[in-house]
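Order as written gives the chain letters A, B, C, D and E; numbering starts at 1 within each chain.
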Amino acid sequence: MNIENIEIIRIGVYATSILLILIGLYAVLTKKSLIKIIIGLSIIDGGIHLLLIGIGYIKNGTAPIFSPGFENASAQMVDPVPQALVLTAIVIGFGVTAVALALIIRLYRHHNTLKIDEIKNLKW
Amino acid sequence: MEIIYLIFILFLSGAIATFLLGKVSKRLRDIAFITTLVVPSVLFFTQINIGQTVDFSVLGIHLSWGITNFSYIFAYIVLGLGVLAGIYAVAAMKGKENLGFFFFNYILSIMAMMGILFSRDLISFFVFWEIMTWSSYLMVVFTGKDVQKVGIKYFIFSAIGAYAMLMAIVITYSLTGSMMISNLIFAFPDFEFGMQILIPVLLLIGFGVKSAMMPLHVWAVGSYSHSPMAYTAVFSGALSKMGIYGMIIVMAGLVSRIPEGYWFREVIAWMGAITAVGGTLWAVAQDDAKKMLAYSSVAQLGYIIIGIAIGTPLAMLASLFMAILHGMFKGTLFMAVGAIEKQTGTTNFTEVTGLIRKMPFTFLASLMSIIALAGIPPLGGFIGKWMLYESVIGSNHYLLIIVIFFSSTAAFLYCYKFLFGFFLGQEEKEWAHVKEAPAMMVVPMVILAIGTFIFGVFPGLILNPIDAGLQELGYAVTQGRYWEMSVLFNEWGDTVVLQPILYTILAVFVFFLAFVLTKNFKKTRYVSTKDISSSGEIPKEHENLTFSRGFFQPFLRSVEPLMRRKIDPYYNSFGRGMEAIFDFVRRIYTGNGQTYALYVVVFALLLLIFKDRLWG
Amino acid sequence: MTYLVLIIGFLLLVLIGAAIYAVYQRDLLYAVIATGIISLVLTALFYILQAPDVALTEAAIGVALTTIIFIITIKNTVRFEDESDKNNQQKPKTE
Amino acid sequence: MVGSPVLLIAIPLLAAFLIPLLGIFWKELVRIIPGLVLGYLTILSASLYIDVLNTGTIVETIAGWRAPWGINLVFSPLTGFLATLMTFIGFIIWLYSYRFKRNVEFEAAKKYFIFLMLLVAGSIGIVITGDIFNQFVFIEIVGISAYALTAFYTGRNSAEAAFKYLIMGSLSASALLIAIILIYSQLGTLNMAEIAANIHNMPPQYRVTAMIFFIIGIGVEAEIFPLNGWAPDAYTEAPGPVGSAFAGIVVKAGIYAMVRMMFTLFDISGPMQILIIIGMITLVVAETSALRQVQLKRMLAYSSIGQMGLVLVAFGMGTKAGVFAALFLMLNHAIIKPLLFFSGSYLVFNSKEKNISEMSGLGKLMPFTAAFFALGSFAIVGLPPFAGFWSKLSVLTAAANDGLLLIIAIVLLVSIVEIVYYFRVINRIYFFKFDKATSVVPHKPRVNALIAMAILAILILVIGFYPDSVSEILNRASEDLLNTPDYIKNVLSTGQSLTY
Amino acid sequence: MKKTIVILLLAAFGYFLAITFLDPDFEKDRNRNGVKNVYLEKTVSELKTANTVTAIVVNFRGFDTLGEVTVLFLAASALGSILFKKRHHVGERSITLPASSIVSTGAKLLFPAIILLGVYVFVHGHLTPGGGFQGGTIIATGFLLMLISYRNFSISHNILSVIESLAGILFVVIGLMGFINGGTFLQNFMPTGTLNNLFSGGIIPIIYILVGFKVATELTGLIYTILHEKG
């Protein structure tokens, strides 16, 4: 693998992450349906998780797991910290999504609609 | 323990005790109230020496309390009027609801005024100033009438004043590193030009509000007339003098020490003059005694402001003298109105007439106060006006003197109206049952009225301490130059000897009394004052045709152009405009979650665009 | 190892395509499934990028659990974004 | 050593996991345990704080790894002060809401107390942690408990408020993660002290971008201007004690995170225009919006936001006087605003719309509650001699020392607006006639609520009459915030002796 | 109109993100010798844990994990609280996804395998990829599968809650046991064993198993609640 490949992968991963964030933001900012907004938020989350993993990736990296007999392979290992962070972030993101969806169910129960611009009893 | 602390602790604990005892027993509450007023006053006049100070520090700022010759003058007003009006209040407010609260606030505002006089530093000054403001505010809204309009207006103006003052205070602190008033006065000439202008202006806004100076006076009338009369005596008599007190410090301590001071003085003097004229004219136009007295207070404060602004020793003397006298006679008048209100239930000239025989002592006290107010010798008001005219002429303000003359002439009109409307005229059947107010109400009035009389003849009694106070502010001795115990001098060498005037007038009075007594009152035919059918017209039922109605209609018509410009509507529309703008501002919060999300992105973008300038 | 680049590139394109589809699809059910596909692709990417732990988590949470709670929500509310076609709903709401 | 700062987090979590079990045996335990826990935390944190004041900062490492590797908790004069304040307010809130939904629904009450306890614990976590990702986790804990508490009432609008909060919270969490990514990618560490020590090695363009994302990430909790759209809704729709928890605890944690980030993490010395500008805009917009509110709680919410703006302005001055003033303001606000929310929610207790206009003449019917509300209003608008005055004064003197005359003028003008809307309410409570048709049926507060309110009221009076009682503490705390080198040294030198 | 503005805004926003992350300097100036190397080294030498990610999640940053399970716990409780209704009949399913017999039979067959897989994943969390979260979620998907294929499959809420609480309590208690021997919270107090052995890593596998139980019960409970939401 030459230098360019790792650069391409990295730029590709970063660019895709940024695009995912933007697409998610677009959904959050323009879509009327509450469910679409939550979909947008989880797309943003996906982008950020990809970005984090991309940060940790190194050239010719291996997973940060020591197999028997390769106890000194740490130099080639990808950064484990972002992976740990992503692990936490995914679980937290799931928790938030679940709460959000529960709220949506309740909002629908009360308003009988999921359009965000019709759900504004609280204002000013 | 320091006596100074003791006084304040007594006030505070007395206030709380009064409030709590109010839940237990009415009598105990009244006793506690009077005791709380009297004991610290006695302590003050017997135990406190001028120059005695206590020092302490709060949040690392050095504070100091102590009384000076100058503030001692005002202590007379505050404690004297406070005690007398307090005694009056016990009787006047009898049977009202929530009296514990009333007394609590009463004591607190007396305490706050004493605190202002004790403060030698700006922080305690401001703290007490604010306590005074909110305790008096609670009094204004005590009756529950028009609270959302009058009360809020009073508090907004007070807050504007107080915060202007606070701004000056913190600027001072940053410039001098100290909160002491003396340090401010000492360092003031070395400030840069902008600060030399800004600080006095801010302070004067603060004091101008409390002393009801013209563009800032709009709160005064409503507040004076809406608070219980027992308190209005203190409100108008003593509390407004705190503005005067501060103003004198600013004018004498700061403004006179910078070259631009001259213009300040001119502007303030003219504002005072406008206040005097406007207050008088509006007072004439009122049909309600409370409002009339309120406007009259504004006008009188205008005179005092003129004197302060002129700033010559004589003018200062005049102003302070008038301040004390105004406290006395205006206190009396408000008390009298309170007595009339208590006995008859109304304070409208057009409804009450002929109380002279029903309430003779009230009449007497009112008469003397009115004479003092109008500035007729031998009562106190004369001395003050005389000195004021003299000082205004002596400092070559000829245009000003015309204005002042005009307004004090016009003042006779409302003085007359007050006397005539309430006490003279036909005795209505409607008011036949009216009796003299209880002794506890009458005595304070009479004491104050006699006081104005005594000070009118022997002005030296109060001019002495005033002179001492003025020397403290850096003025030359005036005793012997402008006045003796019972004699006034002027710059042109004339002498006014007061005692002969007294004797003359007493003689006339006795003669008149004898005349009246010997001649007897002739029985007159009773005609209702609301009945003018004798002049051939058929009155309509709904028309109130009392003679007090439209009393000075021709005069008012002639000065109408002057009165047409009211500043109140401007403030109101300004307030409404601000509310409308604020109402528009809150539409930022659209209620749409998506918009809020958009704000997040826009905010992020703005920060990113300006990221190179986020910090220097 | 250029084929790795190609695979990653392909996956990234699928990712973006799925995301755009998820945003533009008016039928929320399909959108949710597209979101599941995003998670699936992310799982693959994580695996390729040497993060097997994350891949496992994303597979279980992103693909299975998130998708199913989305679907439950849609079943409980509306299926179409514009809501004009409410007859499509399996249960009219009363309350 | 009386205990360990880690207990401040561990004990509430333990209790939160324990409560569902204990609830099976005796239902009352669900109410008592949180109180015991919060009371214990108050005592623990106060004693730790005294310890800290005497002997210096406590840095607690976790899992035996010293600072850059493991997560560490920093209990310094500043964080200790905030943690003590938060635990105390949390305890008061528990006391106030002890009988919350007592005889109605067990399940709901159980969850309420769990959420409340974790809200407090999460806020303490935000304050005492020394690791940015750990801070993120705690922000999420606070966030989810806050969403749940906001949506607690099954009324019509609470879910809406919670949903708005959730959208903002999720976006901010994403921004925070991006910031963390940037920092980690450049510096390879997540520890605040390590970041602070190396921040100047980070290329400036990334540094600024990271800071911007931090501001957005924390700004939602700190309620800075464009990011606070959720706040009025959430304050209004959440149960009364929760509103006070938001105002007294959560916002304080957000502000702390913001300030710690600016002062320590990015090591900006001197005045921070951005904080001043954001703070001013927040202050002005919030206070002006509050003027025309019809709902009491909403008005209080805007007022709370405005106060936080003022806190940020004071922090933004960057001088010791400014930080002192800001901390003083936070302390006072943490005491006064809960009092207002407590008494205010009793005032609107049984009303339909929670409107101010429904409160006419309640002063006669519920004298204590009304008096507490009046006291709180007097204090919060900064009338002497109550607590709020001294903090306002310190803000103004700090601003004057920096020559920020315009800011003084604006702050004072805004204060006038504040006075207007608070006094309108007071007037209505006291001087209007009670009207049976429109007014609420007054619901007298219980003893525990009265005690809670009385404690806060006494504190207001104590600080008002004797502000020096807290000035020493605040001085130490403000020195601590400004002393970044000491912070780095304290954190990084701790645990050198650990074998691990 | 609004969409255009949003797209423009996002384009600008994306530009700033791009110049940050796609900048060639972004990689150049990176400090690659942060905590990573220490973690990799210490994981082997002192924690004797093969999976570095596990070591980080459970030990180095164990506090995060504690917070994280709390978040899940909160989310599960919040879901119950948000959807709570007074007349809530447990066991009454609101959503019934029509499941064909193939699905239900398959589910029945797959369920034990999925549970087994989950258990394996979290028991071997310190050796192989996976761990408490992953295992827990896998178990939860197993239950999910059963829940959606059988309309009257139900789980006792109380048992779930008890397991969940116990796991959480044990987690904190084990953390607090770090204080014995004068250590710190979550500090390892057990023999670490040898690398790549099932019984290695001291408290790491224990905690991760607890996390696994907790996550599994929480997620199952969460799905159970939302499935039984009656709309």
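The definition used in the following text is that a residue touches a chain if its C-beta (ideal position, glycine included) is under 8 Å from a C-beta of that chain, and two chains touch if they have at least 3 such contacts.
Just so it is clear, the structure is predicted and the values come from calculations on it, not from any experiment.
Shared contact partners of subunit B and subunit D comprise A, E.
The chains that touch subunit B as well as subunit E are A, D. Using mean Cα coordinates as chain centres, the one most removed from subunit E is B.
Among the remaining chains, the Cα-based centre furthest from that of subunit D is the centre of B.
In terms of C-beta pairs in contact, the better-connected of the chain pairs D-E and A-E is D-E. Closest to the protein's overall CA centre, chain by chain, comes D. Each chain gets one centre point, the mean of its Cα atoms, and the points for subunit A and subunit B are 69 Å apart. Separating the CA-averaged centres of subunit A and subunit D is a span of 29 Å. Centres computed as Cα averages put subunit A at a distance of 12 Å from subunit C.
Distance from the subunit C centre to the subunit D centre is 37 Å, each centre being the mean of its Cα atoms.
Among the residues of subunit B, those in touch with two or more other chains are 586, 589-591, 593-594, 597-598, 601-602, 604, 608. In subunit E, the residues that touch at least two other chains are 6, 9-10, 13, 16, 32, 34-36, 39, 51, 53, 61, 64, 68, 71, 74-75, 78, 82, 129, 133, 222, 226, 229, 231. Residue numbers of subunit A whose C-beta contacts span two or more other chains: 15, 19, 21, 25-26, 28-30, 32, 37, 51, 63-65, 77, 81, 83, 87-88, 91-92, 94-96, 98-99, 101, 103-106, 108-109, 119-122, 124. Screening every pair of chains for touch gives A-B, A-C, A-D, A-E, B-D, B-E, C-E, D-E.
If you check the complex, the residues on subunit D that touch subunit B are 163-164, 167-168, 171-172, 175, 205, 208-209, 211-213, 215-216, 219-220, 226-227, 229-230, 232-233, 268, 270, 272-274, 285, 288-289, 291-293, 302, 378, 383-385, 389-390, 393-394, 396-397, 399-401, 403, 405, 408-409, 412-413, 415-417, 419-420, 423-424, 427-428, 430-433, 467-468, 471. Every residue of subunit A that touches subunit C in the complex is listed here, in rising order: 1, 5, 8-9, 12-13, 15-16, 19-20, 23-24, 26-27, 31-33, 35-36, 38-40, 42-43, 46, 49-50, 53-54, 56-57, 61-65, 77-78, 83, 86-87, 90-91, 94, 97-98, 101, 104-105, 108-109, 112-115. Residue ranges of subunit D in contact with subunit E, taken from their complex: 4, 6, 9-10, 13-14, 16-18, 20-21, 24, 60-65, 68-71, 105, 107-108, 111-112, 114-115, 118, 125, 129, 131, 133-134, 137-138, 140-141, 144-145, 147-148, 151-152, 154, 159, 162, 182, 184-191, 198, 201-203, 205-206, 209, 500. Per the touch definition, subunit A reaches subunit D in the complex via residues 21, 28, 34, 37, 41, 44-45, 48, 51-52, 55, 81-82, 85, 88-89, 92, 95-96, 99-100, 103-104, 106-107, 110-111, 119-122, 124. Only residues 57-60, 123, 126-128, 130-131, 133-134, 137, 141-142, 144, 147-148, 151-152, 155-156, 159-160, 163-164, 166-167, 170-171, 173-174, 579, 581-583, 585-586, 588-591, 593-597, 599-600, 602-604, 607-608, 611-612, 614-616 of subunit B touch subunit D when the two sit together in their complex.
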